[in-house]
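Below: a set of structures, written as structure tokens.
Below, chain A partners chain B and then partners chain C, in two separate complexes.
Then we have the complex of A and B:
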């Protein structure tokens, strides 16, 4: 191999290590079970990953901005329960904007606490995780929420419909990913998010309105959560109060797996999408292989850690850190 | 013995029509997590109604909110208040045992409701009142088998199982009851694979999607409850294969009942939170009245299918 191509490969690995890891896993699973790559299966996995994926898009902004959002799981439960409840009370045309409004209000509240009051985002969103769960239970009275007439409503289109053969959740995920990728990569606001997360103090001295930028990252996160809630509600037309429980960690795992730094300042929407797909395909692949369930927990996380390692190893060009 | 006398006094006082507040039975209950699901919410409502309807009973109704530490504190409070009996819906089958032991030492009978505590705590408990999850699983197997026999496919049918949250007694028992009973009644039916759906409709839908990709021929799905069963049904409907599959659950939920009405879901086991709550209260009253009860005091959970569903009200949860 000539020095040129070797350098080229190294460069590709360094920039797209996680993508290489992703392709590697796909090949291994495809060999283990030939049905893994069936169109039905792939579209099924992406469709069910779409809910997690949409949430991860928003959290990508928050994490790049140097903060955490642990409230997204219980906020998604809230959105789902609220839109299902209002569906039968107000009709879907009013229920959807009302639910978005209420969810954005929650996001704005967190944004004020973390952005303007400069409170620690871990504490704020951990607290909101519980508080919003309580809010959801209060709203529903603890009961499962179901749409009364499941056949008559057009509301099911967001979760179950398809346009030119592509499931709508995948379309929503793709469109939102495209739009947010542009916002993050091509607008002044996007650059400010990187600046605030990379070095908040320097950003402030350069005239970047840190508080306002952080506030908007939480608003974007809440918007994504509301969209995820809409897909979730529409997909099953009924829900338990705990539907999003625990998803905050999976979302965070997908974002970090995509290569966003927990310290802020780095990451891209595209890489988060890859992180989401890796999580989705690992779970589906292990199911298809028919691995004993308890082992699935272990294997899932071994693969995730392997992927993160591969990514980091590719970036520094060697497997081990030279500084012990 | 003292309790018995007190209860008898309460009875005679009631008969004389001069029931004084001091002569009534005070029964305290600490529940697992009211409000987290409709079953527990309905249970609490039914318990309070049943207690209100009985003039001899005064109920102290508490909820641990899913928190073991809070539940232990509540049990200690009830001991301090010198209630006549304590009903516990354990948040955790192991961690509550020391508190149960304290109640026993204070001479207060304890009834465990809905989900039993671990075996090493049995000595401190007067009775367990609740559903028999093993029977529920076994009966679900019978429902499934009878349907295959009726269709004439019991010699070749292949099924999959979607079980509850791994590690939970209820999930394990409902799976075990089913797995043990199925080969007895339908020896030629094959259980292809079991995977957990975590009591979650969305998760179950994902699991079923994978099953549908993996197996070309699925004739039946057994789910640990109807929430997961309906998730599996949704997946099969999306794949256009629901018509070929018999769906059976182990606890009937309103979504399952509706799917049965629509003719898409075959059957389940009817477990009423109202019966559950009433049975727990009655068990406590019977113990205070000195009645002999079996240690495992199960209430009946009958089979429900499309054929006999008219006899049952739609579940409230």
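Then we have the complex of A and C:
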């Protein structure tokens, strides 16, 4: 009997472990710090998670399709720098589409390498992380990029504006999440992404164009990165070349935390949103209880390990492997 | 040795999965030196029972006794240590590792500091392989082996310990007749050593050839044990599915139409050469030959998965170039592939999504998927093929092997192809469903489909085909009509001794 309940608990933990851990965490921090559950804190967390969240939406597609995207952080820096630079040269109305075009071009390039040439996505995107960083520095000449007249532009609306009291970044995140959730969950393309990530050979045998599907997942990822870059640029109206540095890991953490498997074939947009929020609240909670900012790097890593472990445990059906 | 003490005894085993009562109080025993068959329809619970016995699943209720000692096994390694070895229905090998590493996985022989003792590893492996009479060695990469040879690796795994009981879960599903002979020798040898053997198969002729007793499961319930020598196929079928089967070929003769598919002088490198044949609308053409004769490769070429190095393919009299499965599907060709797990299914996806995958682009209302249309297709083929699953949301990976196969068949039938190619369509399918699928193939032909059946089972080819193409070593050796074919002439043709035929 007790063995059975223990098995039951293990199963629950393995399946819903992340949510259970999250609820526990929220309760503890709410007790530890009154401010944690205050409305302005919650909205602050969501707002500061929006950029990461938007990027995570795109990476969700890539991961479900069975690949990785480690270039998103560096690509986001690129988008931010480019749109800031072009803002003063072309004006915001032209700068924004130009930046989207260039970022999509980068995504398409990765998509060709991984999808059509079947190169390993880890290697390709790790290489692109560095190559795009070089591209960004070349573009900016290594200097920070600033908009000359910060008062006189409507460009700040994406990062700083409100619509009916809701911050625009949150609105963009929510809208994009809604739209992409429909694409992934309700369209033939979304179904094919799952098939390609779940079993690429069987997908091919079923007439699914594997290469094209992978290509489009990277295009979607690049689109999300461009959107994130837009929010970032608009929020600060100036930026360093390294603004997105290290975000690729946080993004990946959020996606896995949401329950997408690194092996591909599983995950949803909704789960990724949950993953983003969990990550945001944990980082915020740690700040509120007085941990130093840089402790977060370690905590993020611990969370990734925890998430991956629970993912594997769910597959094994137990938390502990007895095989030495 | 006392033959009356069972080496293995199961008592009242119950195992449930969400929505499924897979085992409902199953008891039976295995004597030393006995080959004990376990039979039942697809989804009856055979594999689940064996997984309980092999330490992979924990029973909800009931006891397992080895030599009358109650035991609890929580992992396959523990089960193996207790002398219970399990050879799986679905292959579970690491493609990138060598044969030797696969066989000794988890228990590689060690030297000091935990270094692997490669010399000993290879020597021990080769010794085992020798008893199996196989054509590969310890260093071969498993991914380079045919499915049949991979099966032999699984079997070799069982022989690394001194087993007390060996479980074979459909070991012959992908073996050739020659390889079967080797397997049966291995089993006979284990038998004389007093090992208890549990043997799962849907092939009656094997069951009656090698087993001593037969236990039957139906819908997770134990339906009794028969002594093989005192029973017959009909009685076993009765116990399994509750009725008798009429296995005579339905004399469904029908009009044939024009030629739907024609192949002229097709060649694909060293795989096959100079292949010419045609299939009419309403005709079933059987392809018979040994594994490696090139039949699957021809099917893959017609389905756009391989580029031919010479020759032509004509659909309805028009020459076509088929560069990908997408183009093949557009031309009305369907292929039920031979490897359901690798090529047929996305195991992590649910039943419905797997079934509708090739036509998912047409299943839309506006930009979105039309849920109702998809479920309707699933329901239709679930009923037609009698697929046992709690619902369309069930992950395909959780279905029994035979039911997985039915999902693949349903997927391609639902495309309403003009040319249907089925490669080993009834691998792992129970007797009842098998005859249903055979009838279905005849029925489809009667409706005007052109059907190609590739099979390594002679009764199957003889049963469903209007015409039989025999292949040997990448070449067509002979064509038979269903009236002129005999078992002997067919065997001759596929072993390449039919060269005396008039050219």
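Keep this in mind: the second predicted complex is superposed on the first by the 270 of 324 C-alpha atoms of A that agree within 3 Å, B and C clash if a C-alpha of one lies under 4 Å from a C-alpha of the other, contacts with A are read in each partner's own complex, and residues count from 1 in each chain.
The working rule: a residue touches a chain if its C-beta (ideal position, glycine included) is under 8 Å from a C-beta of that chain, and two chains touch if they have at least 3 such contacts.
The structure displayed is predicted, hence computed values, not measured ones.
Visitor: Determine, for the superposed arrangement built on chain A, whether chain B and chain C clash or fit.
Guide: Aligned on chain A, chain C fits beside chain B.
Visitor: Could you say whether A:53 touches chain B, chain C, both of them, or neither, answering first, second, both or neither?
Guide: neither
Visitor: Could you say whether A:188 touches chain B, chain C, both of them, or neither, answering first, second, both or neither?
Guide: In the superposed model, A:188 contacts chain C only, not chain B.
Visitor: State whether chain B or chain C is in contact with more residues of chain A in the superposed arrangement.
Guide: Counting residues of chain A touched by each partner, the higher count goes to B.
Visitor: Can A:73 be said to touch chain B (first), chain C (second), both, or neither?
Guide: Neither partner.
Visitor: Quote the smallest CA-to-CA distance from chain B to chain C in the superposed model, rounded to whole Å.
Guide: Shortest inter-chain C-alpha distance (chain B to chain C): 33 Å.
Visitor: Taking the two structures together, which residues of chain A meet both chain B and chain C?
Guide: none
Visitor: How about chain B: which of its residues touch chain A in the complex?
Guide: Residue positions touching the partner: 34-38, 40-41, 166, 193, 195-196, 200-202, 205-207, 209-210, 213-214, 227, 230-231, 234, 238-239, 253-255, 258, 317.
Visitor: Which residues, counting only chain A, touch chain C once they are in their complex?
Guide: 4, 7, 182, 186-188, 191-192, 194-195, 198-199, 201-209, 265-266, 322-323
Visitor: Under the definition above, what is the set of chain C residues touching chain A in their complex?
Guide: It comes out as residues 58, 60, 74-75, 77-78, 106, 303, 305, 324-326, 328-329, 335, 337, 342-349, 353, 357-358, 360-361, 363-364, 367-369, 411.
Visitor: Where on chain A does chain B make contact in their complex?
Guide: 33, 35, 38, 40-41, 44, 48, 51, 137, 141-144, 146, 150, 160, 232, 235-236, 238-243, 283-284, 287-288, 290, 293-294
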